[in-house]
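Here come two complexes built around chain A, the first alongside chain B, the second alongside chain C.
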Partner chain A sequence: MSPSKSRFAVGLRQWMAVLPYIALGLIGTAVFVLYPMIKNVLISFQNFSIMPNATNAWVGFDNYAKVFEDPNGKFWIALRNTFLNVVATVPVNWFLAILFAVLINAKFVKYKIVFRTIYYLPIVTSWIIIALLFKYLFADGDGGFVNYILHQKLGLLPKAISWRSNYWSAMVMIWLFHIWKTVGWGVVIYLAALQGVPKDLYEAADIDGANAGQRFWRITIPLLKPISVFVLINLVNGAFGFFPQVYFITKGGPMDQTQVIPSLIYTQAFEHLKFGPAAAMGFMMGIMVFLLTYSQMAKIGKQRMF
Partner chain B sequence: MGISMKAVGGVLAAALAVSLTACGSGNGGDSASSPGASAPSASGTAAPAPKDRVKLEYWHTYSDQEEKVLTEKIKPAFEAAYPNIELQLTRMPYEGLKQQVIAGVAGDAAPDLMRMDIVWVPEFASQGALAKLSDFEGFDEVKANVFDGPLATNLFNGEYYGVPVNTNTKVAIYNKKTLAEAGLAEAPKTMDELVKAAETLKGKGKFGLGVSGVNAWGLAPWFWSLGGQITNADYTKADGYLNSPESVKALETIVSWNQKGLIIPTMLGGEPGTWDGLKSGEYLMTDDGPWFYSILMNEKDAKFDPMAETMRGLMPAGAGGSRSVIGGEDLVVFANSKHPKEAWTFAQWMMTEEPQKMMAEVGLIPSNKAAAEAMKSMDIPFVGEFVQQLETALPRTPIPQWGEMEGIFNLSFEKAIRGEKQPKEALDEAVKQIDALLK
Partner chain C sequence: MQTSLLGKTAVYAVILVGALLFLFPFVYMILTTFFLGTNTLPKPNEVFHVTPNFANYETVWNKNHFTTYFMNSVIVTSVAMVGSLFLGALTAYGFSRFPFPGKEFVFRIFLLTMMIPGVINIIPQFVTIKGLGLVNTYWGLWLVYIAGGVVGNMFFLRGFFESIPKELEESVLIDGGGSWRIFWNIYLPQSLPAMGTLAIFIFQGTWEEYFLALTLIKSEALRTLPIAILMFNDKYATNYGQIFAASMIALLPVILIYMAFQKKFVQSGFNEGGVKG
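What follows is the complex of A and B.
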């Protein structure tokens, strides 16, 4: 009895010692993360009214049923787009990140800090500003920069595209927007990681007569594998969390075809006051992301790469 | 491993405890504050001394020149008439406004009064966010003095939750030069004439039919003028109306216009926008509200003179006559207002002839009958066609479900216009979904 009690006492003392330092963080997490999360789950089972003192009736799984009964299948469209976003952006984003990092890290490149800053700049720039920039670049007709270059100058397109008015062109625009905005994060992570790759491996490869491509694929990539896993998990999570990408570019249009789950939740809740079904979608998405991340983590945990 | 697991458990437990107390204290604070807050307002009404004036928070979306009238004429006149009340005016951005109102209502931070878009009133009333104005003293008097059409936009469950502070509609606005290019000297009276002009202009790389967007505000005037209908007269049924042969034909006509390339690219989200296209003469016409003039005429150093370079006409008549859509704003009092009586006093006053005439000077069409009559002789250059068009203009379905219903309406029209569905099929599908909402 007594050893366990003393362990408890020690634990308590340790907690009391650190509490002042983490209290603010805990309170913040409780108020801004845990409370909304719990409240969201509750709302998803209620017929929710926006009035502060309303009694919200419990309706069981009605809200969930409503999500799936939608005759336009908006939830399925959003789900499909979410997976498409992952498939389309993660590999490109990952490859560009490592490529740019290796290039910047190359011996002959001067002013490395400048490049690092330039690649990181889109990340610290506001979404809305970059969205406006992209809307401007991808404007309709030959007046739009991208149309002007691809159609008027290079003739790669048979005619000027109305980028945001068609499903696939809108999706491509959303993907490019996302990649351009976020690739700098991977670049910075990889730049840091590259500093840990032993130089003698490259020297040995040079002696064996390896060219730049072989050094990249046979040394850099394998040695960075643990970092790559970390980067990929984060990129996948990022691609799941599309909201500004869609909301600022297409608002889900044309015809709700480019919606993703977060933008659909926003529209349902804050345009149509359907808080119940919106909360239900949020809860389902939360479970999905949790399962995905958990399974990834479990798999990686077994590989012992770190 | 064991230690870290315990740490996680501890963090979670502590966080849960904090979150529970946080939400508990939140509720406590709420219930404690409401009786405390109602006490001063009761004493305020009992002794209306200018010292403790009641402050009314008023949200509006008036434009620059309209706001000038509001702050320089309306506010002083009202406060002179009611010295115990002070107006606190907040101009809200239209972008994201609905979300701000929702957040305000949910957080008990909504204003006392708001001038809100007519299509939102039934929706917010159904949420219990608005005060029932038909219960207040003097409502019948206000009701008797305003036009029925705009007033009806405040109805929910047979009661009124707002008063129509101003009304408007859209008329056809033409670029004079382009009209001459199409071989016309004056605005087309019928759809057939307009379509013919559009076909002439197509050869010159210009667009003749200015449908401004695939939504009820953009489409309804065309759809109605071509003979289409949305619901029955008491807004309870769409079957047999939205998918009637006349409605199908109206949509088919719009679809065929689009296939022939007669409609401006703006409709499907393309560029230039309606105003830019109209100014440059690339578009022959579009339908828009009186603000087209009040805003453009007040633009400093603008090269474009809207009065000299454009011409107005009623919506060209088709099988359904010349129809446009009623817009405008209603004045509402929020259910959580601490001073509902004073708020109603202002709403009542705002609906009388004098303040209505003040706002009419900047082109806002009064919903007060006497003020609207007086406006005709006020020499506002562009307003005549708008007032005339109001006689045949129709409201968008004034029911709480409209927000969602419009989503269905828009989607079915867009599917047909983009050629993904046959018009009949698209409308049948929409009817099924809308009737499910109306039940």
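What follows is the complex of A and C.
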């Protein structure tokens, strides 16, 4: 037997041994994840319809042209909003997460588990229900709780705001919704990470007369750097992937002004039945997300993400 | 480390304000479920002066086939959860314990699928399910939930499986057992905390899944709870008491499960194999 043939035989035997365990997973992923990804690319070059017996003619780059030449510039608006979402939410989300985690972790704080549970509560609740709740809290007029507090009680607003009817107020509402819903995740991750920070470093700093601020910036932040990279990557990806945040709060309104690409894809496909242009946007977004994630992964080297 | 009284007060003040901000919307929601008016937005003053009662909960539970939708969600979620856990564990076991040619390549493909946002796949997944004739069936939903989640679940469990000491397998091998027995008698029991955590994640994710269910399920009788709640909201837009009573009923299972198991929670992501208290 030649060496190459025996290596083939060994490989075959290894595959036969592992196949009973991974066959279902491989087939499932191929049929319901990989094939749809390829199919999406194909649809983006077709005049696609879900009607039975539709011809689904090939149209080249027509769908892409339609996306870019849309007179209302919906795609560009969605793209701009995506970057705004990242810039507006990631720093706040990150800072609140590390601040709350460090304070809850202070030695003298009692009932740490209670605090952790409360902070994590928004994470385990459903996007839909919290969106209903936020729309209710941010209701128009002085009957809405937020208007009631900001306008009637504190006088911070000159008049009650119709939050979801104006571009900027709708964006602010979406950001607050996202931050409120997700800060707990970062808090819990940092709380776990802080368990691994050696206490004697702080004692040494105490002897040197460092104050709380110096301890935070000179010891805690540098020691948590690897975790911060992980947290920030996840926060950026989370902000980049806004979907329920927008769809359940404004549905992209007013006039598609607050759309992001996922919500635009979904409404174009399933409400306006424009499957081809939706698939084209999906393919472009897939490439963007892939490049973004890939560059982040290259930056942090071989550190395992999962 | 001594902290001054002033410092302690400041720390407590910040984390208490934080806790208040996270808790208050829930409190306001619960108070609203006691509000009985049906035609106007409840004013904050009215909300703060309600008398606790369960009238809205009773009405909602007995109205608009709510119990049917609740049970539909229970069926969809429990089958998807058991199926996902089993398939995820099986696949993770295969990948963590067996060497085989092309493993690296399969891994790269898997990672790639993890990076692509799920919304992109909804259109072609719908087309695929339609091609299989499974639109408007729970089989369609289960196939996409289970097969669509297997890669993520595999990555989550693989880390825990790899931290299980190889020596444990020897006892099974000495008794003449094979790979299957090792999976069943060693890997599954040894990774119960991780499996439990994953079970909760899957439960939560499936229980509140909206977009795929909306796309695949057409008939009213088969609708799941999230769809029912949004439709209920569209139909009775000003009946806030009932809308939030329905929402509370939908939230309760997830919150109770989380509260009950949160001490046993495993942190996913960075400290693989670590069980955090």
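Just so we're on the same page, the second predicted complex is superposed on the first by the 267 of 306 C-alpha atoms of A that agree within 3 Å, B and C clash if a C-alpha of one lies under 4 Å from a C-alpha of the other, contacts with A are read in each partner's own complex, and residues count from 1 in each chain.
Simple rule for what comes next: a residue touches a chain if its C-beta (ideal position, glycine included) is under 8 Å from a C-beta of that chain, and two chains touch if they have at least 3 such contacts.
Remember, predicted model here, so these are calculated numbers, not experimental data.
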| item | value |
| --- | --- |
| Which superposed partner A:Ile50 touches (first chain B, second chain C, both, neither) | both |
| Which superposed partner A:Ala298 touches (first chain B, second chain C, both, neither) | neither |
| Partner chain(s) touched by A:Ile207 [first = chain B, second = chain C, both, neither] | neither |
| Chain B versus chain C as contact partner of A:Ala139, first or second or both or neither | both |
| Dominant toucher of chain A (residue count), chain B or chain C | C |
| Touched partner set for A:Tyr119, first chain B, second chain C, both or neither | second |
| Contacts of A:Phe270 with chain B and chain C, given as first, second, both or neither | both |
| First, second, both or neither for A:Leu156, with chain B first and chain C second | neither |
| First (chain B), second (chain C), both or neither touched by A:Thr29 | both |
| Common interface positions of chain A, toward chain B and toward chain C | 11, 15, 26, 29, 31, 34-35, 50, 139, 141, 143, 270 |
| Complex contacts: residues of chain C adjacent to chain A | 1, 3, 7-8, 11-12, 14-15, 18-19, 21-23, 25-26, 28-29, 32, 40-44, 47, 87-88, 90-91, 93-95, 98-101, 106, 109-110, 112-113, 115-117, 119-128, 130, 143-144, 146-148, 150-151, 154-156, 158-159, 179-180, 183, 204, 207-208, 210-211, 215, 226, 229-230, 233, 240, 243-244, 247, 250-251, 254-255, 258-259, 262-263, 267, 269-272, 274, 276 |
| Chain A - residues contacting chain C, complex | 11, 14-15, 17-18, 20-22, 24-26, 28-29, 31-37, 39-40, 43, 50, 96, 99-100, 103-104, 106-109, 113, 115, 117-122, 124-130, 132-134, 136-137, 139, 141-145, 148-149, 180, 184, 188-189, 192-193, 195-196, 202-203, 206, 212, 226-227, 230, 234, 241, 243-244, 262, 265-266, 269-270, 275, 278-279, 282-283, 285-286, 289-290, 293-294, 304-306 |
| Interface residues, chain B side, partner chain A - complex | 6, 10-11, 14-16, 18-19, 22-23, 30, 98-99, 102, 105-108, 123, 127-129, 265, 268-271, 335-336, 403-404, 407, 411, 414-415, 418, 429, 432-433 |
| Complex contact set, residues of chain A against chain B | 11, 15, 26-27, 29-31, 34-35, 38, 49-54, 71-72, 139-141, 143, 162, 164-165, 253-256, 270-274 |
